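Letters A, B, C and D mark the chains in the order given here, with residues in each chain numbered from 1 onward.
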Amino acid sequence: MKVGFIGLGNMGVGMAANLLKAGHEVTVYNRTASKADPLVKQGAHLASRVADSCFGDVVMTMLSDDQALESVVFGDSGAGSKEDAGILGSLGKGAIHVSLSTISVALSKKLTAAHAERGQRYVSAPVFGRPEAAAAAKLIVIACGADDAVATCMPLFDAMGQKTFRFGTNPADANLVKISGNFLISCVIESLAEAMALIGKAGLDQHQYLDFLTSTLFAAPIYKTYGAIIVDKKFEPAGFAAPLGFKDNRLALAAGQDLQVPLPIASLVYNRFLTLLANGGENLDWSAISRLAAKDAGEGR
Amino acid sequence: MKVGFIGLGNMGVGMAANLLKAGHEVTVYNRTASKADPLVKQGAHLASRVADSCFGDVVMTMLSDDQALESVVFGDSGAGSKEDAGILGSLGKGAIHVSLSTISVALSKKLTAAHAERGQRYVSAPVFGRPEAAAAAKLIVIACGADDAVATCMPLFDAMGQKTFRFGTNPADANLVKISGNFLISCVIESLAEAMALIGKAGLDQHQYLDFLTSTLFAAPIYKTYGAIIVDKKFEPAGFAAPLGFKDNRLALAAGQDLQVPLPIASLVYNRFLTLLANGGENLDWSAISRLAAKDAGEGR
Amino acid sequence: MKVGFIGLGNMGVGMAANLLKAGHEVTVYNRTASKADPLVKQGAHLASRVADSCFGDVVMTMLSDDQALESVVFGDSGAGSKEDAGILGSLGKGAIHVSLSTISVALSKKLTAAHAERGQRYVSAPVFGRPEAAAAAKLIVIACGADDAVATCMPLFDAMGQKTFRFGTNPADANLVKISGNFLISCVIESLAEAMALIGKAGLDQHQYLDFLTSTLFAAPIYKTYGAIIVDKKFEPAGFAAPLGFKDNRLALAAGQDLQVPLPIASLVYNRFLTLLANGGENLDWSAISRLAAKDAGEGR
Amino acid sequence: MKVGFIGLGNMGVGMAANLLKAGHEVTVYNRTASKADPLVKQGAHLASRVADSCFGDVVMTMLSDDQALESVVFGDSGAGSKEDAGILGSLGKGAIHVSLSTISVALSKKLTAAHAERGQRYVSAPVFGRPEAAAAAKLIVIACGADDAVATCMPLFDAMGQKTFRFGTNPADANLVKISGNFLISCVIESLAEAMALIGKAGLDQHQYLDFLTSTLFAAPIYKTYGAIIVDKKFEPAGFAAPLGFKDNRLALAAGQDLQVPLPIASLVYNRFLTLLANGGENLDWSAISRLAAKDAGEGR
């Protein structure tokens, strides 16, 4: 398939590479073009503006937040050229925009309407997994959209991920699943942080405790991944930086606000992120909020 | 082995039965003697007072809280007979008291000292698992105590559980592992409750969402068990009743207070339990605190 | 002075009336023109569009939120006429826009810049007080802006309030004072709610308890006003409706987010508002969040 | 009147002095006898054991916590003499024990029953005010007990305080009023801490902001007293030390637990105290929990 791919950050670069490996013809665009170099060596075409990545069957976007995606879709892409009309103004009738980013439910609804008005199709397909999983094609994809559109995209999802879950035809639902999933991960981080602060201050071995947890009741990938990071305090380099984690926390709170659903743990985690960022943690992995429970308990004073 | 077993509640009755099945000679004691009937049919001896269950190599206790265990150990067992000196006054020198109950770190320290003074041995071995797991010999045992004492008890643990974890020789450490483990479970319940309130109010299918979670990032037994109870609202009959869950929550807070470790999610869950109990939930499973997130979101009004 | 006054809600109608009483020439504008009737009887001129209230020395705005103020300032006023350029396009050079509304720090900064660019002056002067205080000219005014501009407006503030406090020349600072003041009021409401739930469930007389509090350590207007509402459960008619209280709570959280200052009580109150609104409280006074502490404690079940 | 006075801490020493000034015959007892020296110079008798302070019409106790009061009442007073039977074993029939301490509702109920059984009378009369107020006879007294007993004590309360409030004849009610009052003070401290963190980080003058608050909506003694301490960071010497503030916070939580009333702000303050104590704050005034909001916001890093 002819695929455009916009957004070559930590995650996007691995995802685009896997599309190439699967034999698709990929045209990449990134605001900082140099990020595309390794992909070009692997056979990707380089678009110098958003519009030039939108001529195929599908264009995929993997951007950091609502604002970045809006500017690329609606045309204020920062590319500097007046004639860059954004995805909305460039994509052909019937072609598909696949949004892989973790964005708000509200923006997903707005994009659904905007693309429909232009006769374009919109699939929301946010992914779970850190950069290692993106590189290894081990992502989990949540895909929502019209059945035919999602079916068309399945080979692309298969190239990037280990499994694709579908939650119906309403694109914004995929975003809510992603947002609430990240909320649950943040709960795991905070709860492990508190338990480890207790176990650690009592003098027990945190690694042994983690081994116990993850070989029994909490034998889930997410406890293994984050448990190890938390116990080893490996917050650099950041697989998923604190400002992005904070953004996702706010997306959960925003979804809760729109639906009038209080999320007290999300509020607690919100304050953890503010504390982390106010104290110099902007370059750390988002799981560095786990340090705050330990510091409150007097560790390292 | 000759084993005494004190405390035939939801959990204890299954555990004692598995000791019998494994061929041990078991003498059971329960305040309400009729609870022992099925075990007697399976070959158990029935003790009419605490002391009469303490003549063997090991006496095991599986009671609901600190107070119940203290009265059985120190002799105010409610059996009404003056001559009942409790475990402490009845157990032979070198014999082992295995405490399986979820009790406070503080009481475990007190028992360690009290038994040592009498030349008795004390092993702390709290278990993870609900009544079904107790009946099926699928419990997870956390055992702490002197190496020789724990080694002596291993056949008993093997008869009751699927795996035994050891965390050193300090009995109270096993209790902290158990308490913090239950704290982590309560975090899973509360976080799933909040996520499900969001997903449900948005109109997505909660079962499908749970399937997704538990087949990917959250593929752990605890998410499967409690996720199903929460989504199906199956809080009766209570596998682990709300007042017991509240007790364990307070044990976590007490451990945090003693060690000066703030546990904000435990505080949040504390208020959930108070709300549940103040509104008539004392006979429900502890996971019924999950209804509160849904009610706050307006469900059922 | 010739004064325009835009926004004739619960608060604005009393404030404009007091300007008239003090002898100022007042031209009022309101989206729903009928609200102006009583003021016209008292001598006010009626403007049929925003621009027609902007010809004097000063135009004052008293609107419900950021969005309402932005539409009036920037010209999408809902008045339906293309030629309505908003305050920004209508106000004369050197004339003053006095914003009395409780708006965000961010919008106040934006207005400061926008008016400066046009050679207009901007004073931020949010007020404390409920509709009764507005009618009785007992408001407390927080005024920030250039010294000469604030000095020009002092007769207007004196006509509307009992006292004007100045916090320097940066308009947005007045908004932060207002927002943090309302945050402190929300803390009083929530803390009284919790204390009253305790006192009430214990069977003590809540009125007597309130009398004690407000005649000693808590002898402040805010405890008297809200204490009485809470104890008497007088949430209708709403002096300050729950959606507006929620808006102010979010303004505090937004200010905290911008400045990276966690505000845990504001987070708690945020969830109270969500719960109140999700359960049908949108027409109640914002202090009705106090019912939630009582309900959690089992009152009325 | 002949009055015994037990407990010469920061508060008790001023209270006993005011009884002397009012002409009462006062016999003082304190575990560390040297604390009594200044009072002896002012005319007090010195008792060398608890019993020797219990021969008059009234014995007053002003101790730090439940445990200290229990040991003095029930006879394990630490005085070292076997014959010291405590207040309960020493006080005459019809004589009155006035408990001025901030103790639990549960202990107050226990003392009510124990004294009644001995034919003694019990009045619960906890006080509001810091050591300066105790020295200046400006305390506020909450008195509950049988009408005649309270009437007998009124001259004593008048000598120590500015005003006495009565809440009926059930002694434990006075303790709940005191406990909930201190809870409300802790809410003032925490809310001011959060507001000041915001105001301070924005660069506004905290003193000016406090002046505004306390001259308008928050014109209450408690805001003035604690506002000044918080803004000036004057936490030493401690007028009311953090461990005592923490004790009172736990008394509020305990009362809430007994009555099944969730108190979320008390839970938040609980974690603040744990954090303060875990980080070396045990000698600071309890209002030093206000530093934590500022530190979370990055102050001083």
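Methods note: a residue touches a chain if its C-beta (ideal position, glycine included) is under 8 Å from a C-beta of that chain, and two chains touch if they have at least 3 such contacts.
Computed from a prediction, not measured in an experiment: that's the story for all the values here.
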Query raised in the report: How short can a path of touching chains from subunit B to subunit D be, counted in steps?
Result: 1
Query raised in the report: Does A-B or A-D have the larger number of C-beta pairs in contact?
Result: A-B
Query raised in the report: Which chain's mean C-alpha position is the greatest distance from subunit C's?
Result: B
Report summary line: Chain-centre distance (mean CA atoms) for subunit A and subunit D, in whole Å, is 54
Report task. Determine the centre-to-centre distance between subunit A and subunit B, using the mean Cα coordinates as centres, and give it in whole Å. Result -> 39
Query - Where subunit B touches two or more other chains, by residue - result: 256, 260-264, 268, 271, 274-275, 278, 296-298
Query raised in the report: Which part of subunit A faces subunit C closely enough to touch in the complex?
Result: 256-257, 260-264, 267-268, 270-271, 274-275, 277-278
Query raised in the report: Which residues, counting only subunit A, touch subunit B once they are in their complex?
Result: 128, 140, 142, 163, 165, 167-168, 173, 176-177, 180-181, 183-185, 187-188, 190-192, 194-195, 197-199, 201-202, 204-205, 208-209, 212-213, 215-223, 252, 255-256, 259-266, 268, 293, 296-298
Report summary line: Note: in the complex, subunit C contacts subunit B through residues 271, 274-275, 278-280, 296-298, 301
